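Labels run A, B, C, D and E following the written order; every chain starts at residue 1.
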Amino acid sequence: MDIFALGPAEWQAIRLSLWVALWAVAGSLGPAIAVAWILARLRFPGKTLLDGLVHLPLVVPPVVTGYLLLVILGRRGVVGSWLHDVFGLNFMFDWKGAAVASAVVAFPLMVRAIRQSVEAVDVGLEQAARTLGAGRWRVFLTIILPLALPGVLAGLVLAFARGLGEFGATITFVSNIPGQTRTLPLALYSALQAPGGEEVAARLCVVAMVLALGALLASELLSRRLAARLGG
Amino acid sequence: MFLAKLRKRLGELDLEVEFCRDAPGVTALFGPSGAGKTSVVGMLAGLTRPDAGRVELDGRALYDSATGVNLPPEKRRVGYVFQEGRLFPHLSVRANLRYGQRLTPPGQAWADFEQVVEMLGLEPLLRRRPGRLSGGEKQRVAIGRALLASPRLLLLDEPLASLDAQRKDEVLHYLGRLRGRMAIPVIYVSHQPEEIVALADAVVHIQAGRVTARDSLELFRRRLAAGEAHSAGGA
Amino acid sequence: QQLETVTVFAAASTTNAMTDIANAYEAAGKAKVVCSFASSSTLAKQIANGAPVHVFLSANPAWMNYLAQKKLLAEGSRIDLLGNQLVLIAPVASTIQGEVKPGFPLTEWLAGGRLAMGDPDHVPVGIYAREALTNLGVWPQLGPDNLALAANVRAALALVERDEAPLGVVYATDAAISDKVRVVAAFPADSHKPVVYPVALIAGRDTVAAKGFAEFLRSEAAAEVFKKYGFVVK
Amino acid sequence: MDIFALGPAEWQAIRLSLWVALWAVAGSLGPAIAVAWILARLRFPGKTLLDGLVHLPLVVPPVVTGYLLLVILGRRGVVGSWLHDVFGLNFMFDWKGAAVASAVVAFPLMVRAIRQSVEAVDVGLEQAARTLGAGRWRVFLTIILPLALPGVLAGLVLAFARGLGEFGATITFVSNIPGQTRTLPLALYSALQAPGGEEVAARLCVVAMVLALGALLASELLSRRLAARLGG
Amino acid sequence: MFLAKLRKRLGELDLEVEFCRDAPGVTALFGPSGAGKTSVVGMLAGLTRPDAGRVELDGRALYDSATGVNLPPEKRRVGYVFQEGRLFPHLSVRANLRYGQRLTPPGQAWADFEQVVEMLGLEPLLRRRPGRLSGGEKQRVAIGRALLASPRLLLLDEPLASLDAQRKDEVLHYLGRLRGRMAIPVIYVSHQPEEIVALADAVVHIQAGRVTARDSLELFRRRLAAGEAHSAGGA
C-alpha cells in the first residue's frame, strides 16, 4: 500500500481538516480558558452542574451532539436564525459549522487539561501579585496564564487531535460537502462505505494518525522547552 | 500612621490582636509557631478577611468592619515579603522587580529602581531566573520587588526562616541597610530573637492569637537576658 | 422444547417492518428471531469478518454482491425481496408543486437552497438519486453548492424536516416515517435502476430454521407488513 | 414529554449500557493504571510513541476504531480467531465485544486522568518507603495507588461516562443486537429510524445525560471525601 | 562498621568524600547549604547512584563500583529521616510507624514498637493522621518510623531545620534520649553548631563537595569557641 498515493480529493479533505481543526481550537481556546479558570478557582453554587455541562459532549454520542447543533444553530434554529439575521453568520453546509462541531466535541478535553494546569499554579504567586498592585484580571494575564501555558498547550493539541478525528457531529450537523465540510474522517467514512474502499480508508486513517501523533509529539517537545525555561 | 485591630476565628484559634506604629521603624511580631503571626500579616495585606476590626494606614481605612470597607490587596499599597519568596518563576529577576513598580499609580512612587538594586546588591542577578537563585538571593529579590511597588507599609514574614546561617547573615546585612533608609513602617515577623535584636524598634509578643506583651527593643533585650523570651518561643 | 434462533442482519431502513415481522414469527412459535439493524455496509463487513448470521437483508445489491464474491452466501438462496420508490420531499409547509419528469425545474424549486440526499459516493439512496437526476437531465445543473450530501437517509431527512434544505431525495419508506415532510412527487420508475433489497442465507448457516424464516419473509403476512411501511413487494 | 415512560426494550438497553460500561472500566482499569504509571514514572526510548499510541482511539473516528476491532478481534481476525480457539472467547455479537469497544475508546481518557494523579504523588514519599524496605511493587501498591486514588476515580468515571455514550465503534464492531449489544446509544439510533422515534430518542438522550452526570457528580463527592480524609 | 567513599558529579559540583565510623555513635556532617550533604546521604541510602566508590556496612558492600554491587534502597537496611519528614499522608501515625517494621526480615528486627513509642513520646499521636501533626511531632514520628525498620545505620538529614526553637528543643530532647540507647551508627546532617554540640561524637566538615576537616566533639567545641566553625557555615 502506497500511502502517498493520495488523490486531489483526499488532499482537499486533509487541508480542510487541518483548517477546520485549527479554527475549532482557535475559537474554543478563549472560552475553554475562562471555564477552566472558573472551575479551578471559584466556588459557587451550581459549580458541579457547570462541570457536568462541560462534560456533556464527551458523554453524548457525537451524532446526537450534531443533531442538537442542527436544531440550535441551524438556519431555523433558535440561536442559528439570530446569528444569521444579526451577524450574517451561517454554519449550515459550511466549514465554519464543521469547526463548531469539532470545537464542541473537543471542548471538554481542552477544559480538563487547562483546568488541571491552572489548579497547579500556586495561589501564593497570585497573592504576591495582588499585593504588588495587580488586579484579578492582570494576575490572570501575567501570572496564571503564562504559568499554565504547558497545560493550555496540551489542551490545545488534544482538542486539535480530537477535532481532526471528529466525524459524527460534523456529518449530522453540516453534511458532507466536498471542499466545505468533507473533512478527513468524512472522506474516510465514505471510503469505508463503498465496497473495495478499504484501501483508500486505510490510507486516510494513516494520514489522520500521523497528523494527530505529529501534533501530540510537537506539543510534547514544546512543553518540555517551556518547562526548561521555567526551570532555568 | 498605621493601626490594626483584628479579630478572626481560625479553626481552633481565636485570634484577637491590636497594635500600631506612628513613626517609620520596625515592629516585630514575635511568637511561636501557630501563634497566628502569618494570619495577622495576611489580614493586613488584604489576603484574608478578618471577622471584625479595623486596619488604618496614613489616615485611610484599608478595612473597617463598622463601615464595610475592605480594600482588595492591590489597592492597599502594602508590601509583603513572604516566607518562601514567591518569586514569579517565569519572569527574570528584573521583570520580577519591575512587576509592582509598573503598577504604582503615578505620583505615589517613591522607590527608585537603581537605588533599590544597589542597596540590595541585585545588579549581578538582574538577568537570571528565580530558579537559578540561592535562597538568600531569592529573599533579597523578594524584598526588592516589594519595595519597588512603593508601599506605605512593609510586611516581612520570617524572611530568613528558610536560610542557612551564612545566607541569613547576608540578608540580615541588607535588611540592616534598608532599615536606616526607609520612611515607612515595617512589620517584621520572626521567632528568632537574634533577628529581632538586630532589626526591630519595638516587639509585639503574640501567643495563641493574643498579644501577651509589648516591648521596646531595650525591654526585649533585658527579657532575653533574663531568659524570658525563650519561653515565648525564641531560642 | 428450546426454539432455534435465527439471526438476521437487516438494513437500517427496514427496522420497523422487520421488527414487526420477527415478532409475528416468534409469536407463531416457529423460531426465535434476533435482528440487528445497521447500515448495509457495516453489516456486510461484519458478515465478511465472521459474524454468525443466518439471514442478510441488504438495502442494495452492491453489498450482497460483495458477499457473493467472497463466497459467503448459501448457494441459490439469494432473491430480490423488496423494492422501494425514490421520492422528492419538501418540508410540510413548502408550497412546491409539480411533477418529477425529464427537465423538471429543480434548480428553480430549490431557489438557491440545497437538495438533501445521500452521498452518491456510498449511500445507496444517493446513488439511485444521482442516476435518476442524471437520466432526467437535471444533474448537470447541480453543483456542490446545490447539494447537501448526508451520511445516510435519516440525516438527509433531518435536513428537510428542519427546513435547512427545501427539497430532498429519499425512499418512500423514509418519507413515510416523518410527519414533518411531504412527498412532492415520486420519481418515474424508469428514471433509475429499480431499488432492490436482496435477501440471502449465509453459507454454512442455511439451517432449517433459517430457511423457514426466509420463506416467511416471502409470505403473504410478511408482504402485508412491508407494504404497510411503504415497501414494494417483489 | 414523560421521560419515565420507558418501554421494556429501552430499560433493557439502559441496563445493558450500564453493564457494558461497568465491565469496560473494570477491564481497562488495570492496564490503564499500568500504562499511566509507566508514562508518569519511567523514561525510555519510544515513550512518546507509547504516549501517542494510547491517544490513538481519541483521535481516530470511532467507526474506524470499530472497524479495526472487527478486523482484529472478529472471528476471522488474527487475535479473534486465536482467542476463540484457545479460550472459547467470542466478542462478535456479544456484550463482551461492546465492552471491549467502549474500553478501547475510553482508554486514553482514563490513562490521562490517572497519569496526572500519579505524577502528582511526591517522589519523596516513594523514596521514604524504599528506605523502609518496600520494593518497587510494594511502593506502588501501598503508596502510589492510594495517593493517586482520587485521580484513578476521576479517570474511572470519565471513562464510564464516555463508555455509556459509545456508539460508532460498538455498532461497527459488534452490530446492534437487542439484549446483547444494543446499548443506549444504539437504541437511540434505532429509535431515530422509526416513525415518531424522535420522542423515544430524546428520552434516551436525557437518560444518557442523567446517568453520565450522575456518575460525574458521585465521583466529585467521593473524591472530596477522599481529599478530606487525606487532609485530616 | 560503616565506611563510605563516594564520588559523584552533580551539575557544577564535583563531590568526593570519604568517612567512616567503627562504633555506635553520631557522626555529624557539617557544612553550608549546597555543600553536598544531602547528596551524600542519598547515596548512602541508595536513592542516588554514585559515579564511583564504595559503601560498606557491617562487612557487607551496599555499593561498590569495582564489583558492580549496588543494592536497592529496600535491601540496605539504612534508616533515613528526611528534612521534611515525608510521612505517608494517607496512613495513621501508627500505620506509618508499622510500615517499615512489618517489612523487616525476621531475625533482623531489633526495634521494639512499645519502646520506640515510649522513647519518642508518640503514644498520644498514634491514631492521628500526619496532616494533623505539628512540625515537631512529624519529625518525631519520622524518626520512630525509621527506627522501627530496625536499620543498621541511621541517617538524619537536618531533622530540625524546619522547626521553630520550641519544637527544636523538644525533638533535640528526644534525640538525646535516643543517642544513649542506640547500638547503630548515626549520620547526622546539620549546619547548626548547637545541634552538633548537643548530639555528635565526631564531626566531618564538608564544603563544596570535599571534606575540609574532621573533628572530635572536643575539637569542634574548641573550633567553635575560636569562631572558626562559623565560617564553615554555622551561626
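Convention: a residue touches a chain if its C-beta (ideal position, glycine included) is under 8 Å from a C-beta of that chain, and two chains touch if they have at least 3 such contacts.
By chain, with names taken from UniProt: A, D = Molybdenum transport system permease; B, E = Molybdate ABC transporter, ATPase subunit.
Just so we're clear, the structure is a prediction, and the values are computed from it rather than from any experiment.
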| item | value |
| --- | --- |
| Minimal step count in the chain contact network, subunit A to subunit E | 2 |
| Farthest chain relative to subunit E (centres taken as mean CA coordinates) | C |
| Separation of mean Cα positions, subunit E and subunit C [Å, integer] | 80 |
| Inter-centroid spacing, subunit D versus subunit C (mean Cα positions, whole Å) | 34 |
| Centre distance in Å when subunit D and subunit E are each reduced to the mean of their C-alpha atoms | 46 |
| Sequence positions of subunit D contacting 2 or more other chains | 67 |
| In subunit C, residues with contacts to at least two other chains | none |
| Interchain contacts (touch definition) - all pairs | A-B, A-C, A-D, B-E, C-D, D-E |
| Residue ranges of subunit C in contact with subunit D within the complex | 7, 9, 12-13, 15-16, 34-38, 42-43, 45-46, 48-52, 154, 176-179 |
| Subunit D to subunit A touching residues, read off their complex | 48, 51-52, 55-56, 58-64, 67, 109, 116, 158, 161-162, 164-168, 185, 188-189, 201, 205, 208-209, 212-213, 216-217, 220 |
| Complex contact set, residues of subunit B against subunit A | 45-47, 72-74, 76-80, 82, 84, 86, 88-90, 99-100, 103-104, 129, 131-132, 145-146, 149 |
| Subunit C-facing residues of subunit D, complex | 67, 70-71, 74-77, 80, 92-93, 171-172, 175-178, 180-181, 190, 192-197 |
| Complex contacts: residues of subunit D adjacent to subunit E | 122, 124-125, 127-135, 138, 142-143, 146-147, 229-232 |
